[in-house]
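The structure appears below as structure tokens.
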Amino acid sequence: MENIYLDYATLIAQILLIIGFILVTIRLIIGPTLSDRILCLDMLVSLGIGFIAIFAIRTQQFAYIDVAIALGLIGFLATVAFARYILWQGQNQMQLDEKKPN
Amino acid sequence: MIIELIIAALIVIGAAFSLIGALGVLRFQDVYVRMHAASKAGTLGAGLLLLGVAVASAELGLITRAIAGVLFLILTTPVSAHLLARASVIAGVKTCDETVVNLIDGKYSENGQTLDSEK
Amino acid sequence: MEFYLTILVGLIFAASTYMMQSRSVIRLVLGVALLGNAVNLLIFTVGRVTRDIPPIIPADFHGTLTGIANPLPQALILTAIVIGFALFAFVLVLTYRAYESLGTDNSDEMRIAEPKKTQASKLTY
Amino acid sequence: MKIFTLHIILSLAWAAIAGNFSILNISVGFVFGLLAIWLVREQLGAGVYFRKSRKIISLMFLFIYELVLSTVKVAILVIKPKLDFEPGIIAYPLAVKSDLEITLLANLITLTPGTLSVDVSDDKKTLYVHAIDATDPAGIIADISSGFERKVIEVFE
Amino acid sequence: MNTIILRTIAPALTALMIIFSLFVLLRGHNEPGGGFIGGLIAASAMALYGISSGVQAVRRALYFHPVTMGGFGVLMAACSGIPSYINNVPFLSGIWWKVPLGDGEYFDLSTPMIFDIGVWFVVVGAITAIMLTLEEAD
Amino acid sequence: MLLAVLSGFILALFAPLLKRFLGYRAGWVLALLPASIFVYFLGQYDQVMSQHAIFEYHPWIPSLGLNLTFYLDGISLLFALLISGIGTFIMIYSGGYLKGHVHLGRFFAFMLMFMASMLGVVLSSNLMAIFLFWELTSVTSFLLIGFDHLRQASRRAALQALVVTGLGGLAMLAGFVILGTSVGNFEMADILSFGNVVKDSELYIPILILILLGAFTKSAQFPFHFWLPNAMEAPTPVSAFLHSATMVKAGIYLMMRTYPILGDTIEWSLLLGIFGGFTLLAGTFIAIRQTDLKQMLAYTTMASLGLLTMLLGAGGEGAIEGAVLYLLAHSLFKGGLFMVAGTIYHEAGTLDITKLGGLGRKMPITFFAALIAALSMGGIIPLVGFIAKESMYHALLHGDPLSTILLVVAIIGNAMMFAIGFAVALKPMMGKLGDMPKQAHEGSIMLWLGPLTLGLCGLAAGIGIAYLGHTIVHSAVSAIGNENAETDLHLWGGINAPLILSLLTMAWGGVIFYFYDKVRAFADRVLNWIGWGPDKGFDQFLALLLWVSQRITDTFQTGHLKTYMRNTFILLALVIWVPMIAYDALPDIDLSTLTKPTFYEAGILLIAVLGLYAVLIAKSRLTSIVSLGILGFAVAILFMLFGAPDLSFTQFMVETLTAVILALVMTRLKLDKNDAKYGMEAVVATIVAIAVGSGFAALLLRVMQTELDMSLSDYFTKYSAAIAHGHNIVNVILVDFRALDTLGEISVVMTTGVVILALIRLKPKNHKHASQKSKSKSKLKESAS
Amino acid sequence: MADQNLISEAMRTTPTLLAEWKILTPMLAPLVLAAVSLMLRQKDRWQFHIAVTAALIAMIGSGFLLFDIIIDGPQSLVMSGWLAPFGIAFTADSLSAIFAFVASLVTLLIILYSPADVDKAATKSGYYTLIMMLLVGVNGSFMTGDIFNLYVWFEVMLISSFGLLILGGKKIQLDGAVKYAFLNLLGTTFFLIATGLLYGVTGTLNFADLFAKVAASEATGTLATLSILFLFAFGIKAAAFPMYFWLPAAYHTPRVAVSAIFAGLLTKVGVYALIRIFTIVFPDGNGAAFELFGVIGGLTIIIGGLGVIAQTELRRMLAYLLMSGVGIMMIGISIHTQLSLMATVQYTVHSMLMMTGLYLLSGVIGRMAGSFEIAKIGGIVMQNHFVAIAYFGLALAAMGLPPFSGLWPKYMMLMAAFEQGYYWLIAAILTGSLLTIIGVGRASIQMIWRGGGVNTPDGQYEARGKRLEGKQLRIMMLPISIIFVLTLWLGISPNTLIRQSDLAAYDLLNVEQYIEATFGKGEHIE
């Protein structure tokens, strides 16, 4: 890579994304509800797609882009499945907020 | 050079949106509001970054693939947001204290199987 | 970098070990998943890591490619991941079935296969 | 007819992801598309129309515009030191009827400023929407109905 | 799941995933991908289809029982080693054929490719079987 | 000789068939086999005398040095004749005794197999062959003792015999292995010619002890004697043949056989003298107490075996001569007496000596047979028992302390046996008709032929002792001593010291017989006072063993998965750390040489760690599962960062599908929310986890410090595109270079599909708990999908 | 097309002969037929015949392979035409071929028994497919010359065993399966870890190549640590003390045919792997490892023997009996001489047959008595004396008493131990044998001889349970009788097996032939 703009741009982008990762992870640890955590996982997938894209640009290894596409297409499936779990829990009138004493 | 600048802009803006989305996820008060941040900023951020790849690769196959990736993202993100929001409502995940109106409250049947219309 | 990966591997192993000493079989299953990750990462690290360059030969390339990531451990891990996934699915479903028919996922309450205590059977012939 | 359309789309989609629009590749995509359609043959009764390309493009541009706008709005909210908005779930009376229209509309709403589709009532008359600023539900409803919903109806009419 | 939105969009997504899966399968020899990954994507497609439209729909769609597909995949992979017997080379040795398609174009058919397609079938079949069975378990 | 041994086994296979056609009369036919074997061996006599021994060699398992080498010398010949001779009459007797028994055929088969095995023991020269036949006698004895298997006492006795003789057999095997390996030869005939090699070996003591353990258990020496009286649970022909005349003599045979290589040392004399003497005294003392005829005979058998052992311990030509003579006499009179006891039981329905009486008139032939046997047992001229006694007294009259002690013991023992012998022979026969369950009659010829013949043989042997002394006794004594013995025997040796001692013995025995009831009462009191015997000890030992084994098994096999896992991980930690420290394989960490991670690598590592942390602290399982997603995600990104797109790809897909499956399964579980660990458990788990994690990290680090040979990967890189037509090397490895791995792996995947299908579909019927649940679930599903 | 020079330097250029495919049949035939049977799984009548065919082909194939090995020494085929160590080699020496032959035979016998034990539902759920896959895993493990490939076959075996274990879904099976699954999963994972680390040190996976690379490596301490990790991993598989928990927890829970195939094959593969690894990869065992084998072996024998005594359930008792036998095999590896390895090979073959037979018989006895509790079983000899004879015969074999097959390997082991001066191993073997005699003897007299359950009045016979139908009994007794005859034959005429195990031990201690076969005679080696 010879281009200084790109160098800086990827550097900055990576920094931003890493911070984003960490923020989302913190929310995932905090919760408080399962829905929040699942949302975080979903957000992580989006961030991951971006991270892969930047990585591909930085290394000029565009083969990685397929991974990003796959994530875009299939990554939401985990959210769907977990959402279904929450739905089931709700339909069974179960406590969702784990902070409450059981 | 212009191309490089465009790429740089795309990825920095994309990354910035992603970060903002992440920040929103961390900062916002309840899961529904957080979802706004995740679905919008997340999609746009990742989409812009993929477009960046499309431009950077300058290869037809990669450009079409990157655009397909963006399309996939746009197709799937609202679906998962909808499903998660719906499930959360049915599961009784509380809205935050600032919430001013909740018209869906009480519209679901006891077991969450059916949803009545607002009349 | 290998050093830090090694530390991560150790941490995942530790976490897995901790999880697998639980009573809840579901946690054991999660321990299995962690263990799988630890092993994959261990094999990956053991193959010596190289940054960025995947073991893919460019289309019109001729000659000897250097500086690429070690492909063999990757192939081994791929095999291990798929096997690990299959076994993970099995133990998970097994746990579910055990829960379904034994009514618990607490392994302390799952002990019908073995006698509570060997009956101090009277000496008969 | 509609199946054929989808079929062509799938063939082209193949070519697109394969990055090779040769006749050979499109016909490979045709074969695979056949397979894919065969898989979902039951659900295709719902109907897929993509005839009105002009309206579609118009909708697309609106969408992209709204997406960017919405992201910026969210960004502003995120960055603002104080979280002083008043969210809520409102009920949007649907004018569109078919499942496809409803779906399209709901997804567009999700990706656009301050709104997020939560669920559609069983009688398909109400779309519940979570709004980040729910102080003026009527305004939101009006925006949607004159914006996306109108364009969606145009596309499908 | 009983929502209009998912129900409406899932078939299209499923079809897309299948296409993508085949794409990944066939180019795996030269780029990231191959039978496993392709199979996993196709299995995901089946999962989505199952979640949105129900298990029976998937079963009818596949026509063959997924486990049968798994068996077929293993058979295919194992039998891809058989041509090497005829060629007097060891089991699973790669053999390539150029299949003419007219226009002077050739399709590269090879035993490793057949093998990889076998892998694809196994992964799709087995994982789909697992998910469907779980989905309809009582 | 091979045929002589094998024919028994072969005939055994046909015995049940023969019995089916001929009924109990099959006994006559089957007796032809031992009879012909007897004749055969008698025919070998001249050759044995002239050649010292006859060899016969049949290769069997040459690679183990195990061949069927038969070796017929004086001692083998004596035993072979006894076995086949007495065996003949036992076969006949069995037919009469068990007439009408459903399993008579089986009984014949066992007896024939036993006889064949016993012949094998005494004829084999190869140590392993001896052991083999030895164990076969144990096995057949087990089957015969347990013949009346519906009774617990029989089963217990059979097990006892098996365990005790099994123990001895194993010890003997070890002894043989040590003996054979240390001298480099497994042929007894050869070892015998090695002279003092064994005795001088430093392994002499272990060899001696191990082999004697075999001999003592088989020959019922104290404290291993208890199985023998219990073995009387077997039908009487068994007692007569195995447990008096032949099998128990196998131990004596073994001692006689090994005498030249092991005998005549201080250790030998002490061990045999002490154990033999004690066995003799204990046996007679306990025998006096018994009221059951067979028990009386059993304990006197034990006593006689003690006497024989003691004599072998004393050593020297005289003692051996005494032992050989007593062996011969004992086999004849004890076999006879047992058969008499059996006949009495058969006819009178009881063996209780206090109830029996006056049978002599009813069954005169039996009475006569009993009487001559008792005379021989009492050592009365002119029976062979007398000569045996004279001979042993003569041998023990040396004046050295050990001999003198043994002499006193022998006199006491013989006197007691004199009394008991007559008690057995006279009490049931004389006096008033007792109060017996059955009306007694003289038994059939099958029943009296044996005892009568044996009794008469005892008489004939006594009268013809001079002849025997030059022939069979001579050759036997020579064989034992491994030198040409001088055996000049006479029925009447004039009035000498042994004769006086003999008279003393008889007088003493007479007194005991006179006061028999009082002595019995006294013995009873004493033994009751002791109140414990090895027989009880056996039960206690087994109970203890049962207790111990149950405790040990319960300790390791708790049934708790949690402890199994914990123990496994503790072991794992040891398995990593101990060798690493012991082999000095700890890694050295030089921080200065470490390549630093880039910031984004560090960021991903941090996320991975955060994910782990989230997994661990999660209070609910679902939170753990979602947190697991972060870790999987981070690992996938790491794969990508280090040039593994395929891995990254697969990891992402697998993570997604894992989530799908987990969510599917979790939907079906209703779990308590909080299942976190608490207290000590968490502490232990943490310590173990740290030990394992750090162990693997250290080991990995150490491995990383070696240079990796990349030749495999270089090869793949070089030929992947060029030959295998694939540019993605990882994929080419999977489908070509190492396609077999993949084939195995898809087999796993396919099988998993089958297994999970079966796991969920296949359920036992009428499963209440599940069916109730399924009802509520199916309702749910209707609306959910 | 790639140029010819390149091909000749990377690949095998001599034509592959039909004969060389023999090495594949024990693994490939069951694999292909398992796939076919899966596709035809609704045709439940065909399943049995497919499985019989598979086991038969595997058996015949390994039999012919054994002939080849006897004549020409170890055989090898490198898959995909590459050269060893780059491609995966199947390399079979006498040990592999003998074990594969016996394993196929045992599987065949169990398949023959199965119609009496396996209902239609289980057949349709893939019982026969799983049996075949188990054989695939077992034979693949025996044949492979590559350590990672060995891991793969282990997993094939493992997942098939999981399936067989839970087939039926009874509570007790699920409970047993949970323990079995987690502990065995750990075992194979440790194996994988050790394999990965071994690759990290040596850079290779092929056994023959490992032999040279390990010998040349300077990282002796690291390799020694790894060797112990391998010992641990395979120790779990082999159910050696103290890694055996899973075995008594699970082996008594599935249907009898499954218990039998587990007992016959699974732990043996662990033993096989130990033998293989500790003769070719770590041929000198780093001193301590062989000592450790001895300690583990001795304790396994004794703890197993005590377990035999303690158990009140027939099949659990057999599980401990099986474990006790593993101790002897371990001791053989520990002593590590021609004689001791010979004894191990022979004992393993004996144990495969004997344990299978006993488990199959436990099925017959359990049916006859209506229970597996020893206290409730009785009167077997009164019901059917062929069953009683078969049981006593196999019990004698288990106790190591003549005239059955258990005696010879034990005797050889004693000799080997004495030759090397391991007196305490002699003591351990003898103590274990005594404990076995007590435990098995006591159980036998109760089940076979006692008139009925433990409360049956002394001296009486109470008929219990169901009388077995003639046809069913014949199906069940056929394989048992074959095993009985084989055990007896191996007891009376062990020469054939001794010759084979002698050869196997020779091959193990002289790996040059194995290595030569792997790398190919006259082929180019890089």
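Read from first to last, the chains carry the letters A, B, C, D, E, F and G; within each, the first residue is number 1.
Following the convention adopted for this analysis, contacts are C-beta pairs under 8 Å (C-beta built on N, C-alpha and C of every residue); 3 or more make two chains touch, one makes a residue touch a chain.
This structure is a prediction, so every number in the text was calculated from the model and none was measured.
Novice: Consider the two chain pairs C-F and E-G; indicate the one with the greater count of contacting C-beta pairs.
Specialist: C-F
Novice: Which chain's C-alpha centroid is most distant from that of chain E?
Specialist: Relative to chain E, the chain whose C-alpha centre sits farthest away is F.
Novice: Please flag the chain sitting at the greatest distance from chain D, going by CA centroids.
Specialist: Here the answer is chain F, farthest from chain D.
Novice: Could you tell me the distance, in whole angstrom, between the mean C-alpha positions of chain A and chain F?
Specialist: Their C-alpha centroids are separated by 68 Å.
Novice: Please report how many Å separate the Cα centroid of chain A from that of chain D, as a whole number.
Specialist: 22
Novice: Quick check: how many Å separate the C-alpha centres of chain B and chain E?
Specialist: Averaging C-alpha atoms per chain gives centres 31 Å apart.
Novice: Please work out the Cα centroid separation of chain E and chain F, and write it as a whole number of Å.
Specialist: Result: the chain centres lie 60 Å from each other.
Novice: Which residues of chain G are in contact with two or more other chains?
Specialist: Residue numbers touching two or more other chains: 31, 34-35, 38, 79-80, 87, 148, 152, 155, 159, 162, 166, 169, 178-179, 182, 186, 193, 197, 200, 248-249, 310-311, 442, 445-446.
Novice: Scan chain E for residues touching two or more other chains and write them down.
Specialist: Counting only residues that touch two or more other chains, chain E contributes 1-3, 5-6, 9, 12-13, 16, 20, 30-33, 36-37, 41, 44, 47, 53, 67, 70-71, 74, 78, 91-92, 94, 123, 126-127, 130, 134, 137.
Novice: What positions in chain A touch 2 or more of the other chains?
Specialist: Each of 14, 17, 21, 26, 38, 40, 61, 63-64, 66-67, 69-70, 73-75, 77, 80-84, 87, 91 in chain A touches at least two other chains.
Novice: Residue numbers of chain F touching chain E in their complex, please.
Specialist: Touch list, chain F to chain E: 645-646, 649-650, 653-654, 656-657, 660-661, 664-665, 668, 724-728, 731-732, 734-736, 739-740, 742-743, 746-747, 749-750, 752-754, 756-757, 760-761, 770, 773-774, 777-778, 781, 783-785.
Novice: Can you list the chain F residues touching chain C in their complex?
Specialist: 152, 155-156, 159, 539, 542-543, 546-547, 550, 553-554, 557, 559-562, 565-566, 569, 589, 594-597, 601-602, 605, 608-609, 612, 615-616, 621, 624-625, 628, 631-632, 635, 638-639, 641-647, 650-651, 654, 657-658, 661-662, 665-666, 668-669, 671, 675, 677, 681, 684-686, 688-690, 692-694, 696-698, 700-701, 703-704, 708, 710, 712-713, 716-718, 720-721, 727-730, 733-734, 737-738, 741-742, 745, 748-749, 752, 755-756, 759-760, 763, 767, 769-770, 773
Novice: Show me the residue ranges of chain G that touch chain E in the complex, using the header's touch definition.
Specialist: Of all residues in chain G, those touching chain E are 12, 15-18, 20-21, 24, 28, 31-32, 34-39, 41, 77-81, 87.
Novice: Hey, which residues of chain G end up touching chain C in the complex?
Specialist: Its residues touching chain C are 148, 152, 155, 158-159, 162, 166, 169, 171-179, 181-182, 185-186, 189, 192-193, 196-197, 199-200, 248-250, 252-253, 310-313, 316, 375, 442, 445-446, 454.
Novice: Residue numbers of chain G touching chain F in their complex, please.
Specialist: It comes out as residues 2, 6-7, 10-11, 31, 34-35, 38, 79-80, 82, 85-88, 90, 121-122, 125-126, 129-130, 133, 136-137, 140, 144, 148-149, 152-153, 155-156, 159-160, 162-163, 166-170, 178-179, 182-183, 186, 190, 193, 197, 200-205, 213, 217-222, 224-226, 228-229, 231-232, 236, 242-243, 245-246, 248-249, 286, 288, 303, 306-307, 309-311, 320, 381, 392, 396, 399, 401-403, 407-408, 411-412, 414-415, 418-419, 426, 430, 433-435, 437-438, 441-442, 445-446, 448-451, 458-461, 494-495, 498-499, 502, 526.
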